[in-house]
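What follows is a group of structures, each given as structure tokens.
The following pair of complexes shares a single chain, chain A, combined with chain B in the former and chain C in the latter.
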Partner chain A sequence: MNTASKLTLAALALTVLATAAAQAQVNNANITATATVQQPINVSTGQSLNFGNVFPGVAKTIATTDATAGRWDVTGQASTLVNLSLTLPINLQSGLNLLPIANFTGSYNTANNAAAATPFPVAGASTSLSGTGALFVWVGGQVNPASNQPAGVYTASVTLTVTY
Partner chain B sequence: MTPRRLGIVLGVLAAAGTHPAAGQNAATISADAVVVTVGMTIATLSQLNFGSVPKGVATAVAPNQAAAGEWQVTGNANAFVNISFTLPTQLTNIQAQPGSTMPIAFSATSALWRRATNSPAGATTFNPSVGTVGRLGPPANPNMYIWIGGTVTPAAAAKPGIYQGTIIVSLSY
Partner chain C sequence: MIRRSWLVVLGAVAAPLAAQGVMVAPHAVFMNSRSNSGVVTLYNPNTEAAEVTIATFFGYPETDSLGGLRLHGMPTSDSAGRMVLPPAAADSGQPSAARWVQAFPRRLTVAPRERQTIRLLASPPPGLPDGEYWLRLVIAVKGGVVPVTGVADTGIKIGLTLEVRTIIGVNYRKGPVRTGVAVTRLRAAVVGDSLEVRPRLERQGNAAFIGTVRGTLVDSAGRERARFAFPIGVYYVMEPRYVAPVGVLPAGRYWLKLTVDTDREDLEPAVVLPAAVVRDSVAVRVP
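Showing the complex of A and B:
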């Protein structure tokens, strides 16, 4: 092989190597995957909604600011938006006897202070947990005993569901 | 990014998006009411009796002692009952020395109430000067019992004789 041919082959070899190097090059593009681990929501029973004594034919209302209003205590991720949802009964029950309940009212506060709480529609609402992850939710309502309402202890369940 | 790496990242994101259980919680409370259709009756079962008291020496009767005053209330089963008292501040000599008096006082633990069972052991203590909310027993025994004690303080110069006063208990649903 003459000198010119050797140079041509060397140049070609370099070209091939260069091409091969270009084909093996890896392109990296990074993104950041971020996850914030939140405190689980915990809803606990504060106290029952207690109407006490009621009399036939006389409606009785418990406001959210009354001492016997129902209350839940919520904890979770600090300063985080949560959705409140209530599951409400239409009757209290004593054996086979029913006592209608209606006109529910709700309120919430980041402190355990019903008097300073914010009213919300019982169809649902959103609010934020406190800086320490606390929220208190109250419920009131009205029972409407019939004029011939039988005596007895009437009860039903009221459920609060909280979601992020 | 290679398809495999992209797939892993998407898998991580998908896993994070399908983890709602920790983001939701619920709790149930009860709503309760007692329908009342029956009135109340009250009967005095025993007087508050201090017995003989020495001059200048305070004598106390606790509400769980046999000498305590006691009432029995009967009414609507399970109903809540507001209890209040009209308390004397002194007893009056009703015998030879009319007009002589003896101080009587009641403390924060001078009264008891209990549902259904006529025994002060296990009853709830309350301040008769403040009153409280008691509760009648269940249908099989729709009663409530109330006891009251107190302390008399006869002066060193107290005149002999029988001293009496009146304690009134008032109840309402």
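Showing the complex of A and C:
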């Protein structure tokens, strides 16, 4: 039975009971309490993609199975088909200075277990939420600082799009 | 122990990014010509405010050649990672509501543990024929910047901002609408320890078919060996690929029984259009 229907029935039952009680007493007034529980979807950034220290001239790779890989947590209706895609930067930027970032990898799993996750092309992939409505998505990548890479704080955005 | 100590140090120097994102409800919006309005609620369950941007465009789900879900009209991104919506002309000849359904506000900040309402207002053109019209709503949430950290200061520090975009459907109904689905070309095979199923689903009527695809695999004695259920929205034609675990099956002949109905646990019954239940079946051989 639909959740909303259950709640409606529960409210109806309360009303009937209250009505019965009211017939035996006086000066009672009844109200009907109703609530609709909607099935939400939630996509949240569970963990940052953190490269930590980076040295000039030394590429650094974070795999999706690394502890510092980025992770999104998705929850929603059980078994729903979803499409996942990543929007990725080519460079990190610090003022006018650029730091190349490439070789992105993505994976997903219905359990929070990156080691057993399924790789997917960053352009897009289709999968399903679990029987409890859960999905975990990981992202890794590689930064390639030049040997003369200027010092600075380099930033960019990584975006996960979840289509229902 | 050494690894654990290292992780402790890492945790001490790298302040974790607080969870970012908002809950979106409902996950599908149904509007009609009586109210010309709809509501989406955003709730921020986290400890930091969430910056949210709302956009609309025309699109609908379809399947690719492998049976995966994709969105017709999917937005792209420019070199800076900004979302690029499909041009308005892309919905020409389609039952699009993207030009006359507006979302308000389009930019907002949802405070921690607070909720905000996105209102959808429809201003359909005069003389709009009866039927169902579609658009997609994008809820883009900007996450926090990764804390810049490091024990040894190399002078190069990196902070990646993680963002999420959630795309949900909006269906606007005017006048009488009806729906249904036809199932053809049902294929099924056991591959390894999984059952792979691909039906061809074609929408009937003038509104999207919103329902559930259910499958049951039975052996020659009629015993159930596997079962699955997947929510589905058929806007035109789809050939989704479903995979369900079946374990190791003995060689023999099995039957996949498929049912497509409009039962949806996750949607208000009032918004789900009724339609006849459709059944089909196909033999599955396990060598």
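Note that the second predicted complex is superposed on the first by the 124 of 164 C-alpha atoms of A that agree within 3 Å, B and C clash if a C-alpha of one lies under 4 Å from a C-alpha of the other, contacts with A are read in each partner's own complex, and residues count from 1 in each chain.
By our rule, a contact is a pair of C-beta atoms (placed from the backbone, for glycine too) under 8 Å apart; a residue touches a chain by one contact, two chains touch by 3 or more.
Source: prediction; values computed, not measured.
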| item | value |
| --- | --- |
| Joint occupancy of chain A by chain B and chain C, clash or fit | clash |
| Touched partner set for A:Asn103, first chain B, second chain C, both or neither | neither |
| Touched partner set for A:Ala33, first chain B, second chain C, both or neither | first |
| Which superposed partner A:Ala67 touches (first chain B, second chain C, both, neither) | second |
| Chain B versus chain C as contact partner of A:Ala125, first or second or both or neither | second |
| First (chain B), second (chain C), both or neither touched by A:Asn113 | neither |
| Partner chain in contact with A:Ile90 - chain B first, chain C second, else both or neither | second |
| Chain B versus chain C as contact partner of A:Pro56, first or second or both or neither | both |
| First, second, both or neither for A:Ile41, with chain B first and chain C second | both |
| On chain A, the residue positions that both chain B and chain C contact, one per complex | 38, 40-56, 70, 72, 89, 92, 99, 143, 145, 149, 151-164 |
| Residues on chain A engaged by chain B in the complex (per definition of touch) | 28-31, 33, 35, 38, 40-56, 60, 70-72, 74, 89, 92, 94, 99, 101, 139, 141, 143, 145, 149-164 |
| List of chain B residues in touch with chain A within their complex | 1, 9, 12-13, 16, 20, 22-38, 76-80, 173 |
| List of chain A residues in touch with chain C within their complex | 2-5, 36, 38-56, 67-68, 70, 72-73, 76-77, 79-83, 85, 87-90, 92, 99, 124-126, 128, 143, 145, 149, 151-164 |
| Contacting residues of chain C [partner chain A, same complex] | 7, 10, 14, 16-17, 19-28, 41, 43, 45-46, 61, 63-64, 67-71, 74-75, 77, 79, 81, 83, 140-152, 154-169, 228-232, 240, 264-269 |
